Amino acid sequence: MNSLAKLLEAALFASPRPIPTDELAVLDREASPAAVQAALEEIREHYDVDGHGVELVEQGGGWQILTRPEYTEAIERAQMAVRPTRLSGAALETLAIIAYRQPIGRADIAEIRGVDAGAILKSLLERGLIEVVARGEGLGRPLMYGTSPLFLEQFALRHLEELPRVDELAIALRREPQPL
Amino acid sequence: MNSLAKLLEAALFASPRPIPTDELAVLDREASPAAVQAALEEIREHYDVDGHGVELVEQGGGWQILTRPEYTEAIERAQMAVRPTRLSGAALETLAIIAYRQPIGRADIAEIRGVDAGAILKSLLERGLIEVVARGEGLGRPLMYGTSPLFLEQFALRHLEELPRVDELAIALRREPQPL
Amino acid sequence: MDDLAAVAPLAGGGFIVDVGDFNGPLDLLLSLIRDEKIDIYDIPIARVCEQFLVRMRDLALNEAAEYLEMAARLLRIKAHMLLPRHDGQDNWDDPRAELVRRLLEYQQMREVVDVLERLGEDRRNRFARSYSPELAPPPQAPLALSLAELLLAVDRVLRAARKPTLHEVISRSLDVDGAIITVRAVLALRAMARWRDVIRPDPEPWEVLSCLLALLELAKRNELRLAQLKPFADVEIRREFAGEAA
């Protein structure tokens, strides 16, 4: 590619949005509109003929380099497959307590689990699985936690009432003995 | 380029961050590690030989497409992308200490620098260059800091071992080697 | 060096310095040693001490605690050097040793700074792609969760909770840790709080004391700042350090 085409390619790559043709011309004041147009054509042709995973498209009021649609599916799939993390047993327990006892404060969670859950609460908050839903009464008006909409989404529940009732649990658990 | 190279190029293009080799391998489960490596080489060579405004670099724990430095000024002048602000000398000092001594707490950093680094630590955390990696022992269980993956990326390092070893540093130190 | 914070040439040294160029007392000391071409392993401490004080005065650093501390340290070493030494005594503890160690350590770190500066500048001159397509990568690796896992966790909790909870009755001592947790939690929600936000109404004396000690401890750790705008006004508790959030 010629040097103007290389400059345009770098700018199109670095820009967060599509760039209109007249703005591209600002990159090199020596270049005529015709030269810019020719350079864009050169990039487009290069991507198409030479076999690239990207293409140059004019859309959204300007020029943009985009990945070719035939690869998006594989890329999306790979992103989903990349090291899915599991919650630790302690995090799941904390989440379970919050799901069934919400709104609940940190002290009560610690009371049930027998250990403090400060770090776990923080990571569940960061993952968006729980939220601060209220302030409790009592010393220091503790934060009260509840599950978030993302929690429902993650467990494919429409609403919290779809969680098995506690007395149903034994049966549900026997029916689906999944190893952790 | 072959079809694996095109797929990898599309994925690298789609990601603003470096992608580790093993994550690239997930894109095509049929492809052997050698094939992935060969495809990456093909992309790199293609960019270099064919004349592109971008290049493929291995750094920050993975592979990343970046614009070539010779176009930076023109792109920034045209306001199509902005370079991150330069770190101050004090921030670089703090970062250097953390890089070599991690995990390290605020008090030990102040001891080496002769000045407290509270505000600097906060801004390095905000920029994502360091992370809280642990809590230390002792009074108040101080936060211990370490460098983040973004640190490697922003300093174009493949891994921390690419930083000069302590015994490669100042001549003065060879007379009286001190572990840094 | 620019002339913004520059000072006039010193009588003894004859150089111009810039406050903005120094990252602390060790940096200042190191530049002094470099300018005076001093052997770092054999520092003429009396001269260096004098120069350091002169520079402190000329740079108006007299107020900065860390520079004062270094000045005091130099004076102390100077005094030690004046103590008589016995001839032929091999195991003389050089009072400068600790200072030399710190200077070398600092110098080493400055060298790393140069490396980082070069690498960082090189990387700054390259742009990554900033356009985020629809398939922007998730901020965290996706979670693998199943309802069965959650239910098994519930089961574990229920089984554990069935054990009778025994409360140990002890005399009330202070609970500073608990108060710290409370204060952090409040400050995680809002940048500024008042006393009544972190303590319950009608508190017991031990609660007041715990809370007070917690605030002082957190202020010492720079997690918060305490301010009282006028006498008897509400004490303002302001969050200082985002990294410490609950």
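Lettered A, B and C in written order, each chain numbered from 1.
Assume a contact is a pair of C-beta atoms (placed from the backbone, for glycine too) under 8 Å apart; a residue touches a chain by one contact, two chains touch by 3 or more.
Here the structure is a predicted model, which is why all the values come from computation and not from measurement.
Taken as a contact graph, the chains are fully connected, with every chain touching every other chain. Among the chains, the centre nearest to the mean of all shown protein C-alpha atoms is found for B. Each chain gets one centre point, the mean of its Cα atoms, and the points for chain A and chain B are 22 Å apart. Chain A and chain C have centres, each the mean of its CA atoms, that are 34 Å apart. In whole angstrom, the spacing between the mean C-alpha positions of chain B and chain C is 24. Shared interface positions of chain A, defined as residues touching 2 or more other chains, are 10, 13-16, 67, 72, 75, 82-83.
Among all residues of chain C, those that touch two or more other chains are 127-130, 132-133, 135, 137. Within the complex formed with chain A, the residues of chain B that make contact are 1-2, 5-11, 13-14, 23, 26-28, 46, 50-54, 65, 67-68, 71, 74-75, 78, 80-81. Those residues of chain C that touch chain A in the complex are listed here as 127-133, 135, 137-138, 140-158, 160-161, 165, 178-179, 181-183, 185-186, 188-189, 197-200, 203, 207, 211, 246.
Looking at the complex, you find that chain A touches chain C at residues 10, 13-17, 64, 66-67, 72, 75-76, 79-80, 82-87, 89, 92-93, 95-97, 99-100, 106, 111-114, 118, 122, 126-127, 132, 138-143, 154-157, 164, 166, 169-170, 172-173, 176, 178, 180. Of all the residues in chain C, the ones that touch chain B in their complex are 23-27, 40-41, 66, 70, 101-102, 104-113, 115-117, 119-130, 132-133, 135, 137, 217, 221-222, 241-244.
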